[in-house]
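Note that chain A is present in both complexes that follow, paired respectively with chain B and with chain C.
Up next, the complex of A and B:
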């Protein structure tokens, strides 16, 4: 991949760095960032996971010693189960909802002319620059009882008293899908852009219509991009805090809210560590399973079709 | 990049895109519409016209101080990420060394790990170590989540550098540092800038890390806006939203001018 630096030069005017073997130069360059992340990322996470099995709180005091009590508690109490399942459900539904929204945008982004792809690019990227809190507030204004949506529905005459979506799981799903949409559209557009136009041309020559072409060529060949995007949306939604807080309130509390309560109100740090570990495991598992699945099933096709 | 022969966008697809675009931009447009409403509560349709919510917000001490603090923090985090990330990206793309794959995995994993979890872990560790300097914690925490983006974009840019240009410089007797400064750096400037913008936005927008690490004296803007949303029901929050959207629009124009459509390639990885 990268070119190897020349160690010997014609005239020998060399900086000290020159004398170093490339392996050493490379590791020296990468070391500060790597050491920083070990200290500020790996160690804290390992400590947290360790803490979740070496301490628990009984009657207000923290007891040491190896224990699975924190995890047992999570599965024993119905309240925590409900939150855990809701987190999984909201993350899953959000991922599924974002697929049909992302495809048309990604196709136009990758295949549209300069005007259309620029327009879609602007629409998809610009929300990314606006604070998540502000975007969530925008949805709150839309979905509230006296909000924009119910005003619109009443104005069109669809219903005299439209249901308020705010403070329901659907509100969380809608806002999460919106906030994380760029993370599906962009990898998807990248995958679609890599499909060899000759394949589509061949299909067209053989008489395939637009829809057939989309179904038989674009979808299968862009699945790896879709897998990346959907996995990201799943993990980001499952571990979100502020969007569910603003749009779901206490009616759609998710795992993040639970962790926050345990630390800032109940002060039960070992249990919070266990909850955070579950959240982490969920995210990593989704990444592993989904990406592996797609890789195994579709890797073969893409390897051939993905010439740039 | 894209051949124009498949460019025709069919009418249904165009319509579909326009509807989606409207839905995507609605949550940004609605607060702007509400922010000029002359009523004590948010309601639809907005009534009358006033700019008093803007005046009220601009004079708000909490809003101003948290905005300035968040900008400062994001700038510092970006600088730190560049200092750590650019050499790292060069090391990872230009050299092969034992453990390179491990370092690569390590650098990118904060993107995969939930920020909320990383934040809790940092809070627990620092409180058990007795560190309670909130500013330092925020600086470290934000750098953890911003660094990967910087390394990724700069690595991407490094892969695009014309290899023969570096070779030529070296053959002509330039040292590795001179080659980097005079030949490589100008070619990866766009990548570094894109990484900086990413790092800045990631820090500026972060809620899930700051909710753990911030204290009353080091309060970030997203936390403050959430407080406003919970506390007030008049259109002043909408005015804040509108101001933040304007701020983002200015950022977007900046990004467009510097990077053009390259943004797409960089974001998509």
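Up next, the complex of A and C:
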């Protein structure tokens, strides 16, 4: 059904690849990206993890030797715990908040006419086109105590003294959900687009109203796309630095800010490495748990069964 | 088997379409059709792609809103009833099963929309699966079933809700030939036992002839002819119907003599045929003659052809399984296709001079 890969060079000569067994062809095609990732990502990460257990800083001087002191310190101090939990909480809330916003957009993107789907596509992608600092300061203007949002709330008469959102966790959640929205909407729209429209029609003829059809057909069938989107938003939010720094300030500091402080202000690289390692482990764990959950739940109906 | 459950079903209703139309912009896809399907009958909408048959079916289902006209289930006007309240069972072309639900879950879906009585739902799911002999597969997922089994699940799901009307949308297009013929018989049998008024859309004339009580032949948004399979095959009402259903020899001719009910017609190539039942005022006619009504035998080069006979050269012999087609180039320039059971009749070879003959009552004339 899909396009046959063209196994020819630009000048029309057959690529020698076609003589190779398919498994080898696959690994050859993946090799450039894989090698780059190993050199530019896996090796430095391994080095970072290694650094976190082979040195620690006491009274301003770095002491070598195998140690768990950096991790012990992390668990000893309440400050670090609070920041770690806050990071996970903000990442989780951002993921959850983006789901109800993403669904209607994804439905329009997948099912709407060319005009509407292009409009939604542009709207969703647009925050990515703006420099992250500019975007964060934009939100700052909106969310500040004398900002646009307060002005609007007062003007409409909802509240005489609206709470300031700036420098709270909510400011970080709002700005993160805004910028990371395309990472949920696009995989979700892909999953919704793959649902056979006849399946939706079948549900309608069997007596399901639009909402029931959405809840019982569209949502479960788009969960694989949602899983991808949510893990992306979770990871991106948890490891964000600029947005929490500008909008959260010191009252809602996240792990990224902490790492930056350890490196630039305290000059404690081993401890910063330990913090970053914990963050990495947390997001990895969250992703694995979520994806595993989806796999177990939906492995059967995606068509691995026999009988065909 | 499940006769009790079947007889407990609601009475079959009459389906009536009155002046039903659908236009997109200025182009009419369905152009004011009138159609009546008697209770319990199976009506096929037959026609080439783009003739409006699928749009008609989708309007009956409520998936497409008509631009004009009315749809009636019995005495109820359902034209404005939304799809999820219309109570129709639809068998979709690719079955459209819910991939994330088991077979039982699929069948239960429509029932859950109507009632929350779990016991009653389970009982009805059991009955419906029993009806299509799939009880043992209740806990399987659609991806774990064969094409024929998937279709039976889809049918059980459509029938479980005890719909007023059953709609079949090109139901056999996705099946291979052998399975298709088997499922045609199974579904026809089931439809008759359940006794539900059914509309089937198909572009396959054989399928329509096999399964339907009546066939409505559609072309360009209109119904060309509606009748029994025998009617549309033996007495096509229009040139389109004659050409669309089966193979036929269509010749244009002028009436040269009248003899009571019988008219003698000469084709432009000089062939003479007797046609019965032509309107008295008709001076010209289109004659159709089915290949299987024509007998072909070897002839001498210079024999004469009488009325209902034609002399020609055998061009081609094509084996079509149980029938063998003989393509004959006639002396006057027309060509003719005859068919005979394979392995019967006198041996013939291409290039041979032959005489084609038929009985006058097999000729059908279109005014």
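Going forward, the second predicted complex is superposed on the first by the 264 of 308 C-alpha atoms of A that agree within 3 Å, B and C clash if a C-alpha of one lies under 4 Å from a C-alpha of the other, contacts with A are read in each partner's own complex, and residues count from 1 in each chain.
Here, a contact is a pair of C-beta atoms (placed from the backbone, for glycine too) under 8 Å apart; a residue touches a chain by one contact, two chains touch by 3 or more.
Quantities reported herein were computed from a predicted structural model and do not represent experimental measurements.
Looking at the shared chain after the overlay, A:161 reaches neither chain B nor chain C.
Contacts of A:196 after superposition: chain C is touched, whereas chain B is not reached. Applying the stated contact rule after C-alpha superposition, one finds that A:119 touches chain B and leaves chain C untouched.
Once the two complexes are overlaid on the shared chain, A:265 sits clear of chain B and of chain C alike.
Once the two complexes are laid over each other on the shared chain, residue contacts for A:208 go to chain C alone; chain B is not touched. Contact with neither chain B nor chain C is seen for A:58 once the two complexes are overlaid on the shared chain. Set against each other, chain B and chain C touch different numbers of residues in chain A, with B touching more. Residues 201 of chain A touch chain B in one complex and chain C in the other. Across the complex, chain A is touched by residues 61-63, 83-90, 92-94, 96-101, 109-110, 113-114, 140-147, 149, 157, 161 of chain C.
Contact residues of chain B toward chain A in the complex are 1-10, 13-14, 16-17, 20-21, 23-28, 30-31, 34, 42-45, 83-85, 87-88, 90-100, 103, 106-107, 109-110, 112-118, 120-125, 128, 140-141, 143-144, 147, 151, 158-159, 163, 166-167, 170-171, 173, 175-177, 201, 204-205, 207-208, 211-212, 221-222, 225-226, 229, 237-238, 240-241, 244-245, 248-249, 251-252, 255, 261, 263-265, 267-269.
Interface residues of chain A, counted against chain B in their complex, comprise 1-6, 9-11, 13-15, 17-18, 22-30, 32-34, 36-38, 40-45, 47-48, 51, 101, 104-105, 107-113, 116-142, 144, 146-148, 150-151, 175, 178, 181-182, 186-187, 189-190, 193, 197, 200-201, 210, 235-236, 238-242, 245-246, 256, 259-260, 263, 269, 272-273, 276-277, 279-280, 283-284, 287.
Chain A contributes residues 196, 198-199, 201-209, 212, 216-217, 220-221, 298, 300-308 to its touches with chain C in the complex.
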